[in-house]
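Notes follow the structure.
Think of it as A, B, C and D in the order they're written, each chain with its own count starting at 1.
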């Protein structure tokens, strides 16, 4: 299977004031991302509040993204759900739409405690869209599925034909590297933490990745890959350090889903609020965050790199 | 609001061999439960694999249970979901059906970390069925919402008018008692662990509770309440000890959702398998479990008390 | 082996202003405890900051307690340590002193993850004082040893001849009861949470226990056992509820080791500060705690029961 | 203060068959380490089973290491203990010996939950050896002190004059980098995970580090730093990948303290067993581990790099 090169963005889901899904900003959103160097989108995932959307809303979003993305811009649809039948519906729908691939995290309920349960879960979803590559989205901090990923690769190898790889959103670059080396790189290991793109590149990985802060800091983050490829380690470090400075700020405002989504408003893409139970930022918090971002010259720098 | 007296059962959801929801056994199921002393059902909860059902399936189940339950047999509908809009649809539907009340656990994703988030979540659901009592279902081992319940009571008091109480499925009888004593018992604290009904009664609580092993051991468990009320502590202890012996067995087979559901088959109520990712018992495991149950004379005793 | 009836107190360790161990208050301390109905002391445990004491200090304390306790007042010495050779020295010393028994919690480092490791740890200590009963002190919240206690009993049975039982400081009254029922009560299961003495009694346990708030609320807590034995459940509930109210207060001041030790000062037993890294209460906190205790009429009630 | 360049080794503690500390192998041990490129030792830490040693044993070990190490070979003494008075004794002793510096992890009991507690703990130890640099040893997986290290640096800055830096044994290269960047590198951030030396170097860190597998794989690990400095990324990757292969093996045998110590025997340095409660490897396990190491050609490669 073709591996992903470059960074994919995990977009936020736009909502109207009344909380309905708002499809209007998506066309411009996609163009902006491509302009900033992103290679595609991973929609309806954690940044997209996918678990807080109904199946119908998730389908509408998939349809709209497919309609408006530029040529050669990949659309990956997250189809994970606690209800496997809904996941399968979403997978079938995505295949009909002709998206680039699908993905799923482990369900948060029931908490998955064994590889065999996880394999079965992935298998039932992947088999509903047999023509699409399937990515497992490893983000155990969100769903408690703290399972060894190398064991997952061994277990799916030869069993799930369209298993493409893992979106790896976890701290262990050791495990990440071991997965990357499995059978000389049989599976596509997508790096999934914007704060450590450079160290991952050094180890030989991170040719491809999926970002969350790429929504508003895409040039900087895609710039790390470019600088590395050009052999300019100093530039890569400078960019990675700036990326961490931006992440430092959103950590003061409940992370990317809440704080990051509000940065979009500050750069001209008002995507609305987060759904309950997310604790939306107050106007005062927004003003403070703006100051923090100005203090690191974010609003200029994010366009400069 | 009226408080619940006696035990409510959390039924399993019957499935056909192909995995579709099977409504057929429900009528007989309800009768059996009533015969064994149960006062109602809490449907589509964790025992009922509610999170693994689609919204439509959950509605069908609610409709069927309402149709067939005996007079004065309470139906409580669990409407919790990661997608609040689906929860609200379920709540509205339950109110139209005229069920006794609704309930919801905290969503497993995103993990709720503050009381205010939990209050808002409950508020949006409860307000969709304003004529029904709303129960919060506290089961932090399943969703990570390890929050202080007394703080929840204080926060909802005066804010969510139809907040009725808590189904308390956690080990702390200290916290349980403190909640029970809040404003002289303003809220209905339903005890939710079958292994500790007797100690909870001693403390003054557990007039009402919701059970999971009541599906197949209802006489024993309702018998604990009767014995206590009759002042027969020795009898209550004997029954509680037997209830624990049964729980010891299901703990060998992945707990009530997996092991307990299979006991139903052994007592003549074949409810089918569990949905993925639950790891269904093999036939060999079933045979071993049967032997363990025979060793404690379960199949006779469960009808005798 | 003789089982303990009634409550044992886990005393605080008195320190001088300069931080040295202060042996002076111990004689009066022991008398006060006996007057309040306690049957003995479990010294150098968690309430006693045992892990923060040197081996020599622990020996001095053991010697002093043995010297001054009234006749028939039991002294149990906690000898647990990360360094087993020190634990064995303490055990030998305790045996020479002729104390009633010894005990040990699991070491916090390295974290014990298997029953076999725990058995070996207990075995090496218990064998250093073969003439004394040995109690395992189960307090997993403090040392991470979340292991099944019934498995421990099975593993030590027939292997550690002087294994007497468990001081059970954990929430699961289900597991507690299962341990109590093992071989018709072969081992002495000492209840170890003051907030749930009554429910434990109802289940058939808690003839014996070890308390931490018994230091300043001993009459109330021993009164629960007396009321239960007299068949006066209402009185037992009243006392248990009051015990919880006191515990509610110390929970506002970092628990028993910090807040509880300061209550001693308020009732006339100034035992000094806690050792680093405990965060000692400020004078303002002390004043606030005093007000909270007055609000529940603690200073009168603690002497009345 | 002078920063450490290169890798420091965390040696195992040699024991005789009867469990007594064995000082004999230390001289040859030190020479071997230096020959393999190590710059010093961090003794009595987790690899050295420091918490399982008595204060006297720890002092003997410090004395012996100081006696035998080659010139310019640094000795850092871990002095952490649950009993601060013992830690201070060890710190004073180390200062008298004239070691290079001291260090301490957070105590595992009581578990430290706030920065202020940790600062106070470090302060009392560091002030007992005011002429020596003090390193905080961050290894939260072992002691539960999951605290933000940047906050620690801010809190000790200006308060603990001899605070030199942190031995950082945790996965977050993001936090590691943020600490490294604090005040343009004011503190010495020693990288503490052998599996990720290369990625850390890429980010700009890991000029200095402390290793555990450096005991038997020192040439490979120090080679990573050399290759990086020489601009040979391919060589650095090859070495880092081999280092991970070795770590893969010890992970099958309960990690470095147990499995790694046994590798020493296989390369001619029999250091004896681990102290209880460590679960020592059986002879069969040793034979299997040997085979696994042969399969990656460890015994040749470890001398070749």
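Methods note: contacts are C-beta pairs under 8 Å (C-beta built on N, C-alpha and C of every residue); 3 or more make two chains touch, one makes a residue touch a chain.
Only a predicted model underlies this, so the values are computations on that prediction, with no experimental measurement involved.
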Original post:
Where centres are the averaged C-alpha coordinates, which chain has the largest centre distance to subunit A?
Top reply: C
Subject >> Whole-Å gap separating subunit A and subunit C, where each centre is the average of the chain's CA atoms >> reply: 51
Original post:
How big is the gap, in whole Å, between where the Cα atoms of subunit B centre and where those of subunit C centre?
Top reply: 36
Subject >> Touching two or more other chains - residues of subunit C >> reply: none
Subject >> Chains grouped in pairs wherever the two touch, ordered by label >> reply: A-B, A-D, B-C, C-D
Original post:
Which positions of subunit B touch subunit C when the two form their complex?
Top reply: 171-174, 177-178, 181, 193, 195-196, 198-204, 233, 236-237, 240-241, 244, 247-248
**OP:** Report the residues of subunit C in contact with subunit D in the complex, numbered from low to high.
**Re:** 19, 51-55, 82-86, 107-112, 114, 116-118, 120-121, 124, 142-144, 257, 275-279
